[in-house]
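Two complexes, one shared chain (chain A), two partners (chain B, chain C).
This part shows the complex of A and B:
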């Protein structure tokens, strides 16, 4: 649909911005990404997110943030972006083999 | 919750129900201040704690030990950052916290005011100092402030390797030459008591303890945690064939715990007050590193200005 439709109704020229939605299910837990909503502004996004994502007491707190404000790493660059992790097994506790008597550390 | 409840009642109700307090909740000013003090000092401890071991990175006895130590010291820096950001959710700033550290207003774990003089000390720090820190931090996973509790979960997950690599160093020394065994024993002799001091004064004398316990910032008392550490560490020392430097240490069948001697509280007070072997050196080093890094911060600001 476009703005010059003959119906006489003014249709929006642009898509409303997209907001990513994060829900905290319980006090003490992190907010977790659950999805996104389109909304005309942040206040509205919060209400739409409530209606869409928390209809069954899934949350006690919601964050919304404009999707365009999220800077993300590229999965295609994953290999070189996270590369230094691969060759450092000594960062893991299991790398240190201790005798059974003291292995509960 | 009924809307008739006051802020104070809602807060008290959450604490009583073992719920977490989150950054945007109303909280008493004393709770906020107490947390800023504790979390920032915890962060400072992580960062100052990089120094004694960091000085051994260039002197580690093998490439393997060097890479391990580098990774551990890097972790401590990361843990400091988790904690500074948890403290920032309470409305303080990084600059304020650093200023408080460098001016001596904020404390950090006084164990880092002892010198790290031998490779055995690097082993003992991982085994004992990180071991004691883990006992404390496991308890703090249940702390009432959400961001602090979550930082503790992340830190504990990463910290287990620190203690194991330290014990691994001790184990290697204790399976080595007479000289190496002596080095391990000497390290235990010097680090044992400061490690017990890490849990702080006796419960009755602890300045902040009772309020912190009431607010569930602290979940177990200093003495409880200290006992737990002693109980788990004594068998580890026995396995190494090392002697813990405490003539009063013995198993108490009735209590089901080890009895142990009294900490030298005068020494504790002296080191906390700033008169330990390395207090001045640690802060001087921090100030110097901070000043040496000023040009980086300046360059970052200039970059930000230009791209605004």
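This part shows the complex of A and C:
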């Protein structure tokens, strides 16, 4: 009987795509990136995400998305993407003096 | 199972009244606990042996669900029995002849396909049984069943999707799943066997009618097999005896390992 030979140790996984996992910890909060899983397809990725990232009641909703579908900024984009914003304090609310009539903001 | 854990929790610890057929109920509760413990032990053997990390955690989660269910049930059985035995006494201080689990639960884990095919055959029965048990007139059992059903629904979702993956996957995965089905088929009949004890409990509205679950089980089975391009053996016979303590040689080996620490150092706690 096949039952007598423990095996199945080396399942090739080169073909299994990577999925990024986002978990919402409770209603009203945003989904937050928590890590990634390998899976054959999106449906299986969702189950693995549940099993790997929510086993201690961390979430009430899970998103998975193929890592290859994420378009990310590169290190080389840094100087033109983000650096120019460092010297524009007027884009922060704190830059402006509130009129006295405004108590809270 | 860890040694001397705190009591199993609200459902396990709640002092439900003991019905007049308490001894029958105690036997049924122990049977269900044994099924869960032994299957959970088999699943836990994949810890550090699973094909990849995600599947390892998924299997371990399922094993822990089984173990948790066993603890609730043993705690309840000990209460019904009234001899002061706790869950650890049931799990670690009994020999194979005293275990009443279904034989399908004790078969060695085999390869990955065998483990998941077994899981599917059991899960698809389990959800039907638990759904019926959740309506039991015994509140304690009904409560445990309602909790376990949520877990079992997820187990079935996973094992059923693996059936399709095996069947529609590669030639090798199909071959292995088919081998597992043929090896396991003779052990499935036992899940639906009623004996006089469970028949008495059925009359009292405590136990579900196992025999009545066979048709819905077969319907899901044949739908799944056909979608997966897998087949059920023409004639497979029927191997049973677990409820009466007549086990395969595999249970003894399982208990040797599971009970090793307790036998070495009785009463040990950590």
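As a convention for this text, the second predicted complex is superposed on the first by the 79 of 105 C-alpha atoms of A that agree within 3 Å, B and C clash if a C-alpha of one lies under 4 Å from a C-alpha of the other, contacts with A are read in each partner's own complex, and residues count from 1 in each chain.
In this section, contacts are C-beta pairs under 8 Å (C-beta built on N, C-alpha and C of every residue); 3 or more make two chains touch, one makes a residue touch a chain.
The structure presented is a predicted model; accordingly, all values stated were derived computationally and were not measured.
In the superposition on chain A, contact of A:37 is made with chain C only, not with chain B. Once the two complexes are overlaid on the shared chain, A:27 sits against chain B while remaining clear of chain C.
When the two complexes are overlaid, the chain among chain B and chain C that reaches more residues of chain A is C. Applying the stated contact rule after C-alpha superposition, one finds that A:48 touches chain C and leaves chain B untouched.
By the touch criterion defined above, A:92 lies against chain B but remains apart from chain C after alignment on the C-alpha atoms of chain A. Common to the chain B and chain C contact sets on chain A is no residue at all.
Interface of chain C with chain A (complex): residues 45, 49, 51-55, 57-58, 61, 107-114, 157-158, 161, 165, 176, 179-180, 183. Listing the residues of chain A that touch chain B in their complex gives 24, 27-28, 30, 61, 88, 90-93, 95-96, 98-99, 101-102, 105. Those residues of chain A that touch chain C in the complex are listed here as 1-11, 13, 16, 37-40, 43-44, 47-48, 51-52, 55. Chain contact summary for the complex, chain B toward chain A: residues 14, 19-22, 64, 67-68, 71, 75, 131, 146, 149-150, 158, 160-161, 163-165, 167-168, 171, 235-236, 239.
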